[in-house]
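Below is one structure, written out as structure tokens; comments come after it.
We just call them A, B and C in the order they show up, numbering each chain from 1.
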Amino acid sequence: MSDTADTKQMAYIAAQAADARVNLEIETEGMTLNIGPQHPATHGTLRIVVRLDGEQVISADPLMGYMHRGYEKLTEVRTYPQVTTLVNRIDWLGSFANEVPFILAAEQLMEVEAPPRAQWIRTALFEMSRIANVVLFLGDMGVQLGAVTPVFFAFRDREFILNQIEAVTGGRFHPNFDRIGGLKDDLPKGWIDETRGVLKRIRNFCDEIETLVVGNEIFQSRTRNIGVIPADIGLSYGLSGANIRSSGVDWDIRRDGGVGLVHNELDWKVWTHPDGDSFARFWVRLQEVRESCTMIEQILDGIPSGPVMAKVPRIIKVPAGEAYVETENPLGVMGYYVISKGDLTPFRVKIRSASFNNVSITPWLLKGVYVPDVISILASLYFILGDIDR
Amino acid sequence: MIQLSSPEETTEEEIEIPKRDDIREDLISKLKDDLGESLVATEIIAEVDVWARVTKEAWLETAQVLLTRYNMKYFNFLSAIDWLPSPFGRDMDAQVDQPEPVTPEEMTWGTTGGETRFQLLARVHDPENHLGISLKVDLEDTDLSIESWSSIYPGADWHEREVSEMFGITFLNHPNPVKLYLPGDFEGYPMRKDFALLARRIKPWPGIVDVEDMPGEESEEDEVDA
Amino acid sequence: MSVVLADLAYWQETTIRLLVGLIAVLLPAGTLVYLFLFKMMSFMQSRLGPMEAGPYGSLQLLAEVGKFLQKEDILPKAADRLIFKLAPFVVLISTFLLILVIPAGPDLWFIDVDTGIFLGLAVSSISVIGILMAGWASSSKYSLLGALRATGQLIAYELPMVLAVVGVIIQAGTLNVQEIVMAQATGEIFGFGGIGNPYVITQFVGFLIFLIAVQAELTQPPFDMPVAESELVTGYLTEYSGLRFLMFFIGEFATAAIFSALAATLFLGGWYVPGLEPTDNLFNVIGPIVLLGKMLLVAFFIFWFRFTYPRFREDQLQQLAWKVLIPLSLVNIVITGVLKVVF
């Protein structure tokens, strides 16, 4: 090896270490383990630099940005309808849900309200994206702990939900269906009955998971009392969604202060769990899937007729103003702070993504934890890299 | 006026009754008592949201007051706004990006106004009473630094790291002030308006692409030749 | 063997033994891989498994072997070359040595020593050294962590395995494996001699402990901390690729097959089926097939647990071994001894 190659290599290693703030010369205690960025467990390219003392963690430092696409800068040069395509790709498993808060914020600034039929269908697709997202989580948590079988059942049953979403929107993963003022299109014929059948399958899947995974003693001993998050600490870090509800905080934006969606006209329940450990997070999400099925069934029974799009101009210029709308997305609370100056394009969009806050608690949470538990805690927090990195 | 969607419904006469939002008015008046001079401007959109702008010196105190006395336990986000109009901007009626930077227009500000180019934007929330407030603070161009909120809201840690690398704002007393997203040797502050979006410099905006018809309507609105 | 081939020269006999030994190890391993790993696991997970290579994917094994054979031989730069290369062989040696003690018929045995089962259990623990060599020589933190976990686990689970077998030995009265099979064949259950006395009935607790310990010895889930895929990539195997990985792979499944055969021999009666005389020459023909069948039955359970349960954490694993299995097996020995004297 020539000298220049060696020095280059050393410089590269030094830069990587500086990124990780790992001091190569003075490693006095502990072994430094790099979990990721290519690793089967991290859902995407998350890199966690862990200092170990034997098998216990002294400090954990997540490093992200491998997938940073600069969405907030990109939205400044896209027209409002074009932003929807961009924003689909933040949380790619439940992607319809990403469009909704942005569209609602733009509608709030334009003072346009989508017609009732559009709102009901929006809510149905919103809940279906939640089911698609969380069903994968239910299977994936097993894989992180070593049970390889539930994830196949999860993928199998998720296909049916994706088929239904595709029947309406034309896209399985990136529907790009929401428009300012309503939806792009109406429901196809026969969709309502098909979806009822699919929901039955999802309920069966939930029951299967309950027997296979929740009831399994090994699963319980791996998740009970692991990664306990007290409610106050969770709130101060900005944890949201099922993560905070499983620490006992009874807060769900769908019920408390949601705009634009019709959850307040349905009869459903918010699930909480007092423990705050990994098991609680799994259990709350399982119940939420069931609850989503109930909600969609009620929606299918009660969709009003009418148009699916309000009268909005062809070229959308949103009047000047600022609006912040957040919704209860599958991963947590997602919000868009839209600043408009009356242009075709937004002036500034701040994307408040759920996983960013959810993962920010890991340095605090992972201290003193065993290495296998690191994986199970990360799995239970359930983040998507696109959501963290935007 | 709320536009009604269906033409079958009769249009009601719109009587403009200004809506009162007692909860938010209450919050603002109590905040005025607590912060006094530091509360520079407020704005309420009834039953929608409430904004407040405070002075830089009172930034930390505002957080403390909101957390302890107003039960705003939930930290939502912290970010920044660069009010400089983009020098690579686009004339509203033009179809493509200007090839050369244009003279920037006057700087204008949004809700609760402002005086400087950079403003911090933060939002906290009360999960029990379901009340949230957006906070803004001006940062002088000569001294882009402000105290860190991480001693009060630990979740502000990562948000402040992102803001500092994207906008170039320094946070004093931050426990871990290193870059979050960008690689270690990145130069520049990407989210500032005068930082060029390279993709747009290389390939100009294609212009307003011809959009499809709105479902089931003849468009009488202004059509732009694509 | 000794009866049929008494007239052959020594080198011819040795060659035949070598070939038969290889087949005896590789054939069950291959069957297990195809039947259970590819097909049964897939069906349990509601998918079909490999279907392209050959009818119903039966030649997938050949394809896999071919794939591994043509891969580049990568060694990590900082790896200790000699130990790195030796490690897979050490693991395989323990597997091949273990097959020696298992008889496949009244006259089909490799060696017939009076301490057969003792020899078998002793050589099976050589693989621990191989795993430690692999983990250390890879000079990677993941591998080292995996190897250390594996060593702790394997040593901890040797004891319940041995103690479970002790119960069988007490009941049979001998360490000779062939005679254990004979004892099961000719034994009686409370005077009823129809089906012999497979020790699974009287040594049910021992059988269960043996199965759990075997699961741990093979580092299969729920005891697969050393190769926890979602944590350590593949633990001590991380740096191995190509042919060396294939050797570990074969070793893992061959060991699974042989332990299942051992369990079948000790608890289910080995090559004997009730209804015939144990010394009948027919057994020399159908004995191996019977043994294969029983081995597949035991392996079925091993693999079924593998696909169903999540994995234990290291300390929970050790707790299970030391605090539950060992006391239980000691109690089993005491009761067996008492009952043996009484009856």
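Everything that follows uses one rule, which is that a contact is a pair of C-beta atoms (placed from the backbone, for glycine too) under 8 Å apart; a residue touches a chain by one contact, two chains touch by 3 or more.
Quick caveat, the model's predicted, so the values are computed rather than measured.
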**Message:** If I average the Cα coordinates per chain and compare with the overall Cα mean, which chain comes out closest?
**Reply:** A
**Most distant chain from subunit C by Cα centroid** = B
**Asked** For subunit A and subunit C, what's the span in angstrom between their mean Cα positions?
**Response** 44
**Message:** Need the CA-centroid distance for the pair subunit A / subunit B, whole Å please.
**Reply:** 23
**Asked** Roughly how far is subunit B from subunit C, going centre to centre by Cα mean, in whole Å?
**Response** 65
**Prompt:** Among the residues of subunit A, which are close enough to touch at least two other chains?
**Reply:** none
**Asked** In the complex formed with subunit C, which residues of subunit A make contact?
**Response** 31, 33, 39-41, 55, 142-149, 152-153, 156, 212-213, 216, 218-219, 221-222, 370-375
**Asked** Can you list the residues on subunit B that touch subunit A in the complex?
**Response** 1-3, 5-6, 48-49, 51, 73-77, 79, 81-82, 86, 90, 92, 108, 110-111, 121, 123, 127-128, 130, 132, 134, 153-155, 157-159, 178-185, 190-191, 197, 200, 205, 208, 211, 214-217, 219, 221-224
**Item:** subunit A - residues contacting subunit B, complex
**Value:** 15, 18-19, 21, 64-65, 68, 70, 72-74, 76-77, 79, 81, 108, 111-116, 118, 182, 184-186, 232-233, 235-238, 244, 249, 251, 256-257, 306-315, 320-324, 326, 333, 335, 337, 339, 341, 343-345, 347-348, 350, 352, 356-357, 360-361, 364, 389
**Asked** Can you list the residues on subunit C that touch subunit A in the complex?
**Response** 44-47, 141-142, 145, 221-222, 224-225, 228-231, 233, 307-316
